[in-house]
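So, here come the structures, one by one.
There are two complexes below, and they share chain A, which is joined by chain B in the first and by chain C in the second.
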Partner chain A sequence: MAGVTLKGVTKEYDNGFRAVDDLDLDIEDGEFLVMVGPSGCGKSTTLRMIAGLEEISEGELRIGERLVNDVHPKDRDIAMVFQNYALYPHMSVADNIGFALKLAKSPKDEIAKRVGDAARLLELTEQLDKKPAQLSGGQRQRVAMGRAIVRQPQVFLLDEPLSNLDAKLRVQMRAEITDLQRSVGVTTFYVTHDQIEAMTMADRVAVINAGILQQVAPPQTLFDEPDNLFVAAFIGSPSMNLMEAVVTESGGAYGLQLGSQSVELPASVMTSRPALRDHIGRTIVAGIRPKEFEDAAIVPGHPAGQRIRAKVENVEALGYERIVHFGLDAKQVIQEDAMDLKDDAEVLQHDGGSRIAGRFDPASTVRAGEDVEIAVTSEETHFFELETGLAIRN
Partner chain B sequence: MATSLTTRQQDTVEADPEWMVKARRRTLLLKLGTTALTAGLLAIFLMPMAYAFVTSVKTSEQASDPEAPILPSSPATFEFEGKEYDVLSVPIDGEVRKLAIVDPGRQESEFVDPDNPEAGTIVWEGNWRQLDPVRNSDWAWGNYKDAWDFINFPRMLFWTLLYAFVTLVGSVSASAVVAYGFARFRFPGRSVLFIVLVGTIILPPAVVLIPTYAFFTTIGWTGTWLPLIVPLMFGNAYNVFLLRQYFLTIPREMEQAASVDGAGPFRAFIQIILPQAVPALTAVSLFHFFFAWNDFFNPLIYLAGNRDIVPISVGLSFFNGTYQQNPNLIMAAAFIVLVIPLTIFFFSQRIFLSGIVVSGADK
Partner chain C sequence: MVEDDGRQVLDATGIDPGSEQPRSARSAFLGGLLALVLVVAALSLLYITFKFLRDSDANRGLIVIVAVVVGVVGVWVLYWIMDLVINQLPAGWQEGVRPFAFVGPAIVILVVYLVYPAVNTIIISFFDATSDEFVGLENYGFVFTDDAMLRSIRNTLGWIIIVPAVAVSTGLVFATLVDRLRRGEAFAKSLIFLPMAVSFVGASIVWRFIYSFRPEGFGTQIGLLNGIKVGLDQAPTAWLSNDPWNNLFLMVIMVWLQTGFAMVILSAGIKSVPDSIIEAARIDGATELQIFWKVIIPTIMSTIVVVTTTMVITVMKVFDIVWVMTSGETGTEVIAERMIREFFRNGNFGRGAAIAVILFLAIIPIMLLNVRRFRAEEALR
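Then we have the complex of A and B:
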């Protein structure tokens, strides 16, 4: 097994379009790295460059220590799972799985053994004689996985392998692929547009947008410490609420001015983000996750300075929680390219104001149209520069 | 739950039969109409073939007798006391009997009952010339043997099959390779070359006939099979077009998966793409086979003067000239020629039609 290193990797097409721009990425040996981003962001192109199906315009690609820029796919020692599985329809499941071994001129009994092992691992033993057309979506997906693992390659490449499955099967296969990767321990590069897949499966997630890598980090870090507005808006559902705000200081106490209302900022916010001091009095972007809002009636002990009043516009009762949408008169900041991806994207820009989503306890009784008091856990606020969109931390 | 649902459905069927019966009747009428129309059209199309078949099993006399009935038959005769007598349909005592006329007369004639000749003669009053002769069904299957023997079928069949199969393998392989190239590989001038290639389909054969004939004469190939076989080894624009369209419908991921699995472009083509293109390849092969089987003009001009190596199509026309007076033999020969392609078509019909759909109108 080996890691994969991309150094300054660029893909520029004949028409000058740069699908991937100066990408630096280290996939460690045995790591499960998921690349996530909107359609056309360059994630599949990156995967295809690693596979050797797409030429690299600039930069270096190494698998292990070996420079593989000009190495044919078959000599890269990789295995790939395609979005549509690309199973050979005229071959049986066993032949599909064993095709690579056959081409590698492995002995027949060796092929039979390894195909059998892979089939047992993937619960495909009963299906070995069937043709792909006779299989269900999930089984086809498993055959595609079988074709990859039977080779015992250095690297697995998976290109949106779950996007053709229904929601329930997707959840199941997500777990199966993760377990499989852990058990075989092969370096895995997985591409998806689904942030849930990215967050649940990956050791680390690489967020990419418009061919430019935005951030690479473990899922929780990505959620807790997004490097920029794109990542902040992209990771998490419902999305982080992003609005223009001003950090104020008066007599050693700090506050966050959100439109006409102000919320206290605990001193810890300033100590953990020293750079924020330089932005006092300037318009910045404040990002508050929906979970940081709560119906004030539910948390009576919440500090009085960390409350706002707002008019509830809509309530989505999900049983285990209530997603409450309310309006604020702070100017909303919209990351459209990130929002486009959201299943629940509601890019409704208010005239001059923001539409905020909060996750309330199911015990909350707020109703649409009511003017309510909302508790804000302001120490969890994220801050970004308005001009560059970069996180203000230290 | 399910049971009660079924019961309710049944109730509904019984409860409001009127509109349903009407609708069913309308559907039935529509189906009957369509079937009748199809059968009628089919009959029109099959009529020449039926005529040819019926003629092929007639004797020469029947075939050249304009009065002869449609189905092959000959006048019935009966041997009585060492002589042959015609059998006629005679109306006696309110019934029509088949009797052999032994003594024809103007006012009355004498007959013998072929079923009971010992009973002696029967006298019938009337003009025997007004009686219809009895005809027995008489299928001259021997025509097929005669035709087979007359024109040396095995030799012509050999040349025809040789021509058909050699060019089939060559043309379809070459077309598949070229089509795959056009479908998958990027190279400078690809579009222009493809348009030029497809353009040759529209070129009338008469335009290229004289230049190609002159060319083959110059290099001394006329009188041999070479000018017929060699050009087809380079593929055929029509086949290339059909196969390219089919290859385009196969996802590129197939080759990419194969290439990740360790296959080079040629192996991917042979082991992954071609097996998936079987319907299109079959269609193209059959098209080619029928073309070669029926090809008359090219063998006629290029093999001119060498009667020992002509294919069936040309041989049949020679046969036509020789046996102009025996349409039955000509038809029998034509049917023998028809049997092989027809058999092939029946056995491969399904693949053939699906190939046409996929490579033609469907995509």
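Then we have the complex of A and C:
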């Protein structure tokens, strides 16, 4: 088995459009790496370059130690699962799975054995004689997986393999694919536009936008320490609340000015983010996740300085929590390309202000139209430069 | 009317047997009668117009206009009247009868122009040349014993096998290659498709000039092929009297005409094969040739079958090319050409009909194959 290394990989089309720009990425041996980004961001192009279906304009692509820029797809020792499965309609399931082995002139009994093994692993034994058209979506998906694993390749490439399935099946197949990957331990590069898929399946997630890699990190790190505004807005649901703010200092105490209101910042915020000191008094972007807001009535002990007052605009009671939307007069920062993708995207521009989402305890009794006090865990605030969108940390 | 209890109950339900029913029956009868009169009137009007148009010496433009107006309006009126008639029927019958009224004219036309001639052909195939005397299977005996007939069956078999095979495979090769052109695909395709626009007779005349042969002492060779041969200091060849090769030379014309048709349909088939399947095969390790044979061909198999069977049927009916080029002389007879010859040249209706019946029977299995293949494909969809 082998890892995949991309060094300065670029895809430029004849018309000068750069689908992928100077991409450096190291997929470790046996790793499950998910590349996620909005449509047209270059993620599928990246995958197709690794597969050899798309030419690399610049840069180096290595599988293991071998430079494969000019190697034919069939000689790259990779297997790919397509978004629409790309099963051969005229072949039975068994022939579909065994086609690569047959082309490689493997002995018949060997083919039968390996196809049988793969079918058992994927619970397709009953379907081996059927044609793809007679299978359900989930079964076709499994045949496509079987076709990939039967070859025991160095690398799996999966191109949005779950996007044609219904929601319930998608959740189930998510688990099946991760289990399968763990059990065969093959280096896997998985492309999706669904951040939940990325977060739940990946060892590491690579976020890409407009052909440029934004951040590569394990899911939790991506959530806790987004490198820039795009990642911050893209990862997490509901999205991080992003608004313009100013960090203030007076007599050794720090505060965060959100529009006309101010929230105290504990000293730990400044010590853990040394770079923030340079931005005091300047307009920056503050990012606060919905989970950092709470109905002040639920947490009576919350420090008095870390509270704001706002008018509740809308409450979505989900049973286990309440998503409460409220208005602030701080200017909202909108990451449109990141929001496009999200089911819950609510890009509502308030006249100069922000619409903030908070996740309140179900015990909260706030109602739309009320003016309420909201506790803010300001310690977990994320800070970004306004001009560049980069995180301010150290 | 309300003297006894029974009647009163009926009254209450709104069905009055005493006065209501006879009146409705009467009106229905009158309505039906009126409708019947209308139908007869409409039909006679159409008939009179037809007679008038057929026998008239009037201005042709006028005749055309009258035909169109009476035809279109007449048909509309006919449907309208039939609908009216149906509305006079008892309520329970109306919806059962209505579809037949609308499909009826089409069925009548089908019967008159298709079923009746077919049945009549079968009948006269058992009679003698003038359809006067019943002769049993004698005409069929002729079909399977006459030398020219046997030659025509042999030749037609050759046509059926060679023309579709060559035209479809050439079309397939063209379609595949053209598909890979970066530009000029449409132009290349139009060039190959162009002969399709030429009629069989027209094509035959073009090819007469290619195959033209003049015996020595009868002038210069104006034929393309013989021109080339003579230019190369070789003796000219009488292409069209060179049995059995002359059959092949005639088939070339058909191939020339039909390859474009095969190419266009197969090209559409090839384009409908999803790119991802071809990419998957490429990753699975298939060479381009393997992709062609093991992925593309099986995927478009149904298209290939349809094109082939359509062409087989066309070829079975080939007549014009032979008629124009050789008149079926020098061993180039084909079944359809024999049929026309017996019917119209020799005036032997019995034999002509018998040949037609044989041709018809021969086409049936191909049609069945087509239909079955189509159904199997549909099931896989």
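Just so we're on the same page, the second predicted complex is superposed on the first by the 394 of 394 C-alpha atoms of A that agree within 3 Å, B and C clash if a C-alpha of one lies under 4 Å from a C-alpha of the other, contacts with A are read in each partner's own complex, and residues count from 1 in each chain.
Convention: a contact is a pair of C-beta atoms (placed from the backbone, for glycine too) under 8 Å apart; a residue touches a chain by one contact, two chains touch by 3 or more.
Since this is a predicted model, take the numbers as computed values, not measurements.
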item: Joint occupancy of chain A by chain B and chain C, clash or fit; value: clash
item: Touched partner set for A:147, first chain B, second chain C, both or neither; value: both
item: Which superposed partner A:168 touches (first chain B, second chain C, both, neither); value: neither
item: Partner chain(s) touched by A:104 [first = chain B, second = chain C, both, neither]; value: both
item: Touched partner set for A:84, first chain B, second chain C, both or neither; value: both
item: Touching partner for A:133 - first (chain B), second (chain C), both, neither; value: second
item: From 58-66, 76-84, 94-102 or 112-120, the chain B stretch with C-alpha clashes against chain C; value: 58-66
item: Touching both chain C and chain B, counted on chain A across the two superposed complexes; value: 51-53, 73-74, 78-80, 82-84, 86, 88-90, 99-100, 103-104, 147, 151
item: Chain B residues within the chain A interface of the complex; value: 251, 253-254, 256-264, 267, 272, 275-276, 278
item: Chain C residues touching chain A - in the complex, by the definition given at the top; value: 274, 276-277, 279-286, 290, 294-295, 298-299, 301, 380-381
item: Chain B contact footprint on chain A (complex, rising order); value: 51-53, 72-74, 78-80, 82-84, 86, 88-90, 99-100, 103-104, 147, 151
item: Contact footprint of chain C on chain A as seen in their complex; value: 51-53, 73-74, 78-80, 82-84, 86-91, 99-100, 103-104, 131, 133, 147, 151
